[in-house]
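Each chain carries a letter (A, B, C, D and E) given by its place in the written order, and its residues are counted from 1.
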Amino acid sequence: MTGLVLKDIRKSYGAVDVIHGIDLDIKQGEFIVFVGPSGCGKSTLLRMIAGLEEITGGDMTIDGERVNDVPPSKRGIAMVFQSYALYPHMTVFDNMAFGMRIAGESKEEIDRRVRSAADILQLTKYLDRLPKALSGGQRQRVAIGRAICRNPKVFLFDEPLSNLDAALRVATRIEIAKLNEQMADTTMIYVTHDQVEAMTLADRIVVLSAGHIEQVGPPLELYERPANLFVARFIGSPAMNIIPAKITSAGASTALELTGGRISSVDIPTAASELGKTASFGVRPEDLQITTGEDFLFEGTVSIVEALGEVTLLYIEGLVQGEPIIAKIPGILDVKRGDRVRFTADKAKLHLFDAAGKSYRAS
Amino acid sequence: MTGLVLKDIRKSYGAVDVIHGIDLDIKQGEFIVFVGPSGCGKSTLLRMIAGLEEITGGDMTIDGERVNDVPPSKRGIAMVFQSYALYPHMTVFDNMAFGMRIAGESKEEIDRRVRSAADILQLTKYLDRLPKALSGGQRQRVAIGRAICRNPKVFLFDEPLSNLDAALRVATRIEIAKLNEQMADTTMIYVTHDQVEAMTLADRIVVLSAGHIEQVGPPLELYERPANLFVARFIGSPAMNIIPAKITSAGASTALELTGGRISSVDIPTAASELGKTASFGVRPEDLQITTGEDFLFEGTVSIVEALGEVTLLYIEGLVQGEPIIAKIPGILDVKRGDRVRFTADKAKLHLFDAAGKSYRAS
Amino acid sequence: MQQLLFAIFTMVGGVLACVVYFFGTNFLLDKMFPSKGLTGAQASKNLRITNAIRPWLFMAPALFALTVYLVYPVFESVRLSFHNRSGQQFVGFSNFAWMINDGEFRQSIFNNFLWLLVVPALSTFFGLIVAALTDRIWWGNIAKTLIFMPMAISFVGAAVIWKFVYDYRAEGSEQIGILNAVVVAFGGTPEAWMTIPFWNNFFLMVILIWIQTGFAMVILSAALRGIPEETIEAAVIDGANGFQIFFKIMVPQIWGTIAVVWTTITILVLKVFDIVLAMTNGQWQTQVLANLMFDWMFRGGGDFGRGASIAVVIMILVIPIMVWNIRNATKEMEGH
Amino acid sequence: ADLKFQPGEDAKFNWQSFEDFKKGHDLKGQTLTIFGPWRGEDEALFKVVYAYFTEATGVEIKYSSSENYEQQIVIDTQAGSPPDVAILPQPGLIADLASKGHLTPLGDETKQWLLDNYAAGQSWVDLSTYKDKDGNAALFAFPYKIDVKSLVWYVPENFEDAGYEVPKTMEDLKALTEQIVADGGTPWCIGLGSGGATGWPATDWVEDLMLRTASPETYDKWVTNEIPFTDASVVGALDEFGWFAKNDKFVDGGAAAVASTDFRDSPKGLFASPPKCYLHHQASFIPSFFPEGTVVGEDADFFYMPPYASKPELGNPVLGAGTLAMITRDTPAARAFIEFLKTPIAHEVWMAQTSFLTPYKSANKEAYANAPMKKQGEILLDSTTFRFDGSDLMPGKIGAGAFWTGMVDFVGGKSAADVAGGVQKAWDAIK
Amino acid sequence: MIASSRSPLVFVVHLSVLLLVALWTLPTAGLLISSLRDKDQLAVSGWWTALSTSSQNLTGRAASPETQVERDGKFVIAGRLIEEGDTKVSAFGFRPLQPTAFEAGAEADIGDGQTLTVREDGSYEIVSPTKMEGTRGQRIFYTASVPPRFTLDNYREVLNAEGIGASFINSLTVAIPATIIPILVAAFCAYALAWMPFPGRAILIAVIVGLLVVPLQMSLIPLLRLYNGVGAFFGVPAKTYGGIWLAHMGFGLPLAVYLLRNYMAGLPREIMESARVDGASDFDIFVKIILPLSFPALASFAIFQFLWTWNDLLVAMVFLGAGNEELVLTGRLVNLLGSRGGNWEILTASAFITIVVPLIVFFSLQRYLVRGLLAGSVKGG
C-alpha cells in the first residue's frame, strides 16, 4: 500500500494562489502534522485532501487511486473539524451513527460500532445527550468518535484541540496519541498551531509557509536541525533567538562577529566563499545558560523576569533591534529586573543561517 | 487609598448559588489573577465587580465607597471582554473614543488620549479601520485600548488572550505586562485559564473553585507551597503527580508507604496524631529525575514518550489507578516505550497532603 | 409643485415629530435626573430612576398605537358581538347561536382549516426550497428577486394576474387562461376552475402561496446562511446526499425560524379575505371567515353584531399560537 | 366653472330652468360633498353636470367615489362622517341606511314632484320610500340616472344576412331562437361571470321574465318575500330562463359555459365572424364592452325584450336599475342639490353626453346624444310598469348572495325547484 | 462550495430553481405581456401567443358608397382593410356565415352585379356597374395572419389620466412616513422588550404577538369614530396624513415589533455591556449601537411595510378619504377602471406601474440585507 501521495498540488481562489505546488508522500499509518503560521494554507490543504475543496492543479492519489474527482464520502476519509461541527439537533449516538445510517448499515452493526467508539472515548454515559449539554472536551471527543465510526483509511484533524482549555487539551492529546496506536493502519493528518501537539504526536511534521513546504521531517530533526530560519523560528517556544552576525572566518568551524561586537565560533563548517558575508546566528532560549565566566556568548540587562516556577524566562532587550533575546533557565532564579547577566551555550546547540535564511548545517 | 474590597460577596441565580461568600482585599495598583476550573465563577465575580451583574449579598467597596448599587459607568472601571465586544460598525478610533464622547470630553482631549493609547498598543496605523479588517490580535489590542482610554481606577480582563494563537498570545501578554508597569496606580484584575499568563502577570493569584477561594498568594508561593491538593493540581503543567500514601511515621520528617509499596520520607513535619492515616504524596513532573541508583522514589514502565526537544515527557502508567504519572526531564532522552525507569526527586520539593486535601506544610 | 412642497413638508414634519419625541423625552429625562459627569450616590440613584423610566418612554408610542389601533377595537368587537345589527341593543349570545347554525359559517370554518393546513405549510416549504437552492447557484439573487416579486404586486394586480391564469372559455374556443390552455394542449377539456367546489379552495390558496413564498424565502434564506458550513461539510464527508443534507441537517437546525415564518403566515391566513373577495366572493363554497366577516360587516348596510362575532371567532382561533409564543418568550427570557 | 354647453346656446336644452334655479339659490362659499358610485368615464360625465350646479349656486362640490362604495358608505355613516349627499344604486343599502336613521326625508313636495314628472311615477315613489328608524315610511331618495335592462342586443346586418326579423312578442323571440338553431347557428350569448358577483346577469333575466309572466304586484311581493321564492310564479320564471340558458344548442359554448363566461366578454360573440351568436340580453351599459369602434344603432342595435302576446294584461313592463340620490347630512347645499336634480337641465346635460336615461317627462328627448339613447329613453317613457332590479331590492345576503349562487347552480344543472328552495332557505335564515 | 458540487445534482438544482422561477414568474409575465398588447387582442387570444403570428377572423367595413368613384363606366370603391404592414389576408367573404368563402385576390360576386376583391395586402375594391347607394359601407369578413403587435398605449392611457401625478405624490406622502415612523417606534419598543429589564416583559411580548391577528377591517369603524371625535374636539379635519400614518403604524406595529425584537435579542450581549461600561445610557446604546447593527432587520421590515402601505387601498380610503385631492395611486387606478370594471388593459398596465416603486425600494434596500454586519465584533462573529 502506498498511502497518500500529493503531486504538485495547487489551489487558487480565482486569481489568488493559495497553495503553490505541494509534493508529499505519506505512508500508510503515518501520523503527519501540518504546522505553519495563520493563513499559510494548512486548512486548505487538509480540505483538499478531504475533498471539500476542489483541487486546482496536480494529482492526489490514495492507495494508488487518483482521487481528485472522487467525492469526499468515497475517499475513505474521516475529518474532525476545528469547530467540532456536531449536528446540534442529534444526540451523541445519532451524531456518531449518522454516517453509517446514510450508508445503510444494519442496526446491530451501527450499535456495535458506536458503542465501541464510545467506549474508547469514555462517552458511553453521554450517548443520549444533545451536544449542547456537553462540555467542550466532551464535544470534541464526540467529533472524534464520529470520525472513528467511519472506520477511515485516512483520518484528518483540523486544529481539533484549539478550543479546549489547558487541562482538557493535554488529556485529549493523550487520547489521540492512544488512538493512533490502536489504529496503526490508519493514516492521520493533523493540523495544529500548537508546538507541543506537533512535537508529541507527529511521526513527521510538515512546516508550511505561504502555500509551500518549508521542511518535512520527524519532530526532533526539525527541532535540532531546522533547514532554514523560518523553521528555526517556528519550531520551539519561545522562538529561537536570532542575532545578526558576520562571518569572520570560515572552515570546519566558523567564527562570527555578533552584533554588539562579541566574537564567537560555532562548530559548523562553512565554505571559504562565505567569508565576510552576513549571517544569522541562532540559539534557543532553553539552550542558554547563565555564566559568570569570561567565555560568554553575550551579555545584557534583564528587562523582564517571568518566573513560571518550573522555569524562569529572562528577557534581554536592546541587544538585537526590535526583539528581546529570551533565555529560559530551569527552576526559580534570583535574577531581578536591571541585573546584567552573561549567557553562554553549548556549542553543539548553536545554529547558523546564511543571508537567505538557509541553514549552513542542513547539508 | 484602600483599593477594592470584597466582603462576603455572594451571588445566586434564582435558587442556584454560584458565588458562596468571597472575601478579598485588593490594594491599589495590584495585579490580581483569578484562575479556576471552567464554571467556578470567575467571570461572574468579575462581572459583579464591573457592575454588570447584581450582587446578591455582601459589600463591595472601591476606594472606601460602597459600590453595590453604583452603575458600571460610575465605578471607575474598564473591562476587556473575553469576546472583544468591539462595536463592529465603528472604526478603531471611534471604538476607543466612544466612552469619552458619551462623557462629553472635548475633541482635542479625545484625540490626545486615543492617540496615546494607540501608540502604546501600536495601533496608530489601524485607527481608521473597522474591526472586521483586523486580525485577532489587533482586535484584542483595540479592546484593551478602549479600556485604557477610560483611564480607569480598576482594569478588568476576562480571558483576554484565550482565542489567540500561541505567538500572538505571548506578544500580547508581554504588552499587558508593560501596561501594568506604565499604569502603576491602576488595579488590574485578570481572569484566565492559562497557567503561564497567571504565573507571569500576577502579583497575587486567586484560585477559585466552585464559588469560593481556595488560596490567594503570589505565583511562586502557590507553586511552591500549595495550600491544598486542589491548588497543587491546578497550578503547574502538567499537573503535580499525586500518589496515595500512608503515614508510617510522623515527626519532623515524615515517612510514607506509597501505593506500590515503596517507602519514602519527606522533610515535612507531621503531628503524631497523623500516624497511620492515609495521605496524598505529591511531586511535580519537572521535579522528577531519572536515577539508576537504589535510592529511587518509584519505578515504572514508560507507556508514552513525548519528546518536545527542549524537554521530554515520560508517562508511567499503572502505578496509580486511573492516571499516569508524568515526568518532565530536560533535553532529549534515549528512553523508549516499555523501558523501566526509576525516578527520584529532591526531598525539599516533595509535597504532602492530608486525607482532606490540606497541605501538611502550609501551616 | 405646491403639492410636492406640501408633501415634502408633511413627510419631513411627521418623521421629525417622531424623532423629536424620542430625543426630547430622553433629553428631558436626563436633564431631570442628571448622571453624566456626576459621581457618587446621587448619580447612581438618578441612573437607577432613569433606568426604570426609560423602557416606558421607549415603548410609550408603540403601546399607545397598539392600544388605540388594536386593543381598543378588540374590546369594541367583543362588545359588538353581543349586540344587534346596529350595535345598539344587547342580544346576549344570539349572534353566536346564529353562527353555529349557519351553514355558510360552518363552510367557512372548514375552508379556513383547509387554508391553515395548506397555505402556511406550502409557502414555508417553497420558501425554504427556494432559499436553499438559490444559495448554491450563481444566478440565485436574480431567482430570488423574481420569486419575491409577487409580494411587490398590488392586490389589484395580483387579482388580475390570477384571473388571467384561471380564465375559462367554452370548449372549442381559444383559451386565454394559461391553465386551461395547458389542459387543452394535453387533450383535456377546459374547466371553470373557480366553480369546482372543494378544489376551487386550492386554486385560491395557490394565489396566497404564490405571494407569501417570497416572504418565507427572505427570512428563511437569512436563517439558512446562519447554519455553520462545517456541519454541512461533515455531512458530506459522512456521505449524505443533497436531500439528506437538506432534510436531516439543515432543516432541523433552522426549525426555530421556520416556526416563526409559519406562525406569521398562519396569522395572515386567518386574516386573508381580499383574495377570496376578488376571485369568488365566497361563492361556489369558497367562503372563509375573514371574508364572511367582511360580508356581514359591510354588505347591505352591515350587521355589526354578526360581523363582530365572526371576528371574535377569528381571534379565538389564534389563542393556541399566542400560548405557544408566550412559552417561547419566557423560555428565551430565562436564557438571557 | 367650465361649462360644456354654454347656457343659452343650444335650444335643445331647457336653459330657462337653469336660470330659474340660479335665481333661487345663492349659496356662495359653501361646499357640498357628494359620494357616488361613478368612477372613470362616468365620473367625468357627472362632473360636467354638477359644474352647472356650481355655476348656479356657487357651491363647491367635492365628489368622491370608491370601488367599495358599498362598504365605504357604511363606514362613513357609521363613523359619523357621512358625505352631504350620497348617490347609490342599491335600494337595499338605502333601506338599511334609512332604518339606521342616517338619511333625511325629502318631504311630500318631492314625492308629489316624482308622481307628476316621472313616467310611471308611482313606481318611482315606491322605489324611493323607505322605513325610518321608527318604522315610519318616508321618501328618502331621488332617482336620478336610470338604466334599462329589458334590452336584447343584436347585429342588424347579421339579421339582414340571415333574413331574421326583430321579434315583437316573446313567442316570436322563442320561434326566432329555434329558427336560428335550425339554420345551424347559435342564437344566444349568455355569460354570468363577474368575479365575486358571478350570477347577477341571470337574475336580470329572471326578473325580466318574471315581469312578463306575473303581475307587478306579484313581483313586489317576491322581492319582499311576501310570497316565497318557491312560489310557482318564481319557479315558472326560472324555468322560462332555463328554456334559453340550459339548452346546449341555444347558447354559445353550451350550457356549461354560461356560468363561467364573463359577462363582459359574452357580447363579443355577436361580432365574431362567423357570429357565435345572434342575441344578447343585457342592460343599456353593455356597449362599453363592444369591440372598439362599434357604432350602436348601426353596427349593433337592440330591441325591447318583448312581452308575451298571450298576456296582454301585463302591458309593457320595463326592468331597470339606477342610482338614487339622498341627503345624508342636511345642509342647505344638499337640499339645493336635490332641487337641482329636479331641473330639466340637470338631466339634459347628461343626456347630451352618453349613458344616461331618465324617466323625467319634461326633459327634452331631443337632448339625447344619439338615436339609440333616445330609443332607450322612449322605452322608459313608454313603459307601463317600471320595476327596479329585484336582486338589488332584496336583502344583500339574498340579492347579492344566495340568488346569484342559486342561478349559477341552476345553469349548472340544478332544477328550478331545488334552486328556489335553497334561496328561500337562505332567506329564512336571515329573518 | 463543496468540491462534489460538480456532480449531476447541480443540474437538478439549476433545473428545479428554473422551474420554480418559471412557475412564479409565469403569471406575472402574462400580465406584463398582456399590458403591452392591443386591448382587443387581450381578450381573444392567450398572451403566450402574443409573439407568434396569429391567424384571425376579422371583420372590416368598406368605405361608404359616398366615396365611390367612376372608372371606366363602373363605380368603384377602393381602400384598405388594414394598415400597410406584415398583415396578410388569406381569405375573405361578405357573409358572416361564410367568412372564408373566397381566396385572397379572388373576385366575389356580392349581388346586383357588384364584385368584391380583397387582395393579400389588405386592399379591397368593390366594382359596381351602377351607382351604389346608402351611407354604410359593405361589411367584409376576412382571415388575416396578424403579426405580433405591441403597444404602449395602455401605459400611455394610464399615465395620462388626470390626477395621476398628484396621486403618486399622495401615495408617497402616505407611504414614506408610514414606513419610517413605525420602524422607529417599533425599534425603540423592540429594544426595550429585548434588552431592558422591567416587570411584565414576557406578557407584553405575548400580547403583541396576539395582536398580530386582529383583523384590520374590524378596527375601521371604532377608529374612524375616534378620529371624528378627536377631530371635532380640536376643530381639525378628521382625515389627515397624520391620521393615516398613525393608522398604518398601528396596524404594522405587531409584526414589526415581533420581527425586530427577535433580531435584536440575538445581538451579542457583550457589546451592550461594553457600551454600558463606557457610560452609555440605554438611549445612547440604542441610537449608536443597536440601530446601526439592526440594519438588516430594519431593511427587511422596511421593505414589507412599504409594500403594504404603498399597495394599500382600504386604509387610505377610510382614513384619508376618496376625494380627488387626497386619492392615493391605488385608489386612482381603481377609479380609472370605470364603474363597471373589466378594462383589463388598464388593469394590467396599472398593476405594472404600481409595482415599479416597490421594486425600486426592494432593490435599494436589498443590499442592506447582508450578513456579516457583526463581523469582527466578537470572537466567532
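Convention: contacts are C-beta pairs under 8 Å (C-beta built on N, C-alpha and C of every residue); 3 or more make two chains touch, one makes a residue touch a chain.
Being a predicted model, the structure only gives us computed values, none of them experimental.
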{"item": "Set of chains whose contacts include both chain D and chain C", "value": "E"}
{"item": "Central subunit by CA centre of mass proxy", "value": "C"}
{"item": "Interface ranked first by C-beta contact pairs", "value": "C-E"}
{"item": "Centroid distance [mean C-alpha coordinates] between chain E and chain C, Å", "value": "20"}
{"item": "Separation of chain A from chain E, taking each centre as the mean of its C-alpha atoms, in whole Å", "value": "63"}
{"item": "Between chain B and chain C, centroid-to-centroid distance (C-alpha), Å", "value": "54"}
{"item": "Chain B and chain D, separation of their C-alpha mean positions in angstrom", "value": "94"}
{"item": "For chain B, residues that touch 2 or more chains besides their own", "value": "71, 73, 102-103"}
{"item": "Chain C residues counted as touching two or more neighbouring chains", "value": "35-36, 51, 233, 236, 294, 297-298, 304"}
{"item": "Set of chain D residues in contact with two or more other chains", "value": "68, 75, 78, 195"}
{"item": "Chain B-touching residues of chain E, taken from the complex the two chains share", "value": "268, 270-271, 273-280, 284, 288-289, 292-293, 372-381"}
{"item": "Residues of chain D touching chain C in the complex", "value": "68, 70-71, 74-75, 78, 90, 92-93, 95-97, 99-100, 195-199, 252-254, 256-257, 259-261, 276, 395-397, 399-401, 404-405, 408, 412, 429"}
{"item": "Contacting residues of chain E [partner chain D, same complex]", "value": "39-40, 43-44, 57-59, 95-99, 136, 139, 141, 220-221, 224-225, 227-228, 238-239, 313-314, 317-318, 321-324, 327, 331, 334-343"}
{"item": "Residue ranges of chain B in contact with chain A within the complex", "value": "37-38, 135, 165-167, 170, 174, 177, 193-196, 199-200, 219-220, 223-224, 235-239, 284, 286, 304, 306-310, 313, 315, 324, 328, 330, 332"}
{"item": "Residues on chain B engaged by chain E in the complex (per definition of touch)", "value": "50-52, 71-73, 77-79, 81-89, 98-99, 102-103, 130-134, 136, 139, 146, 150, 163"}
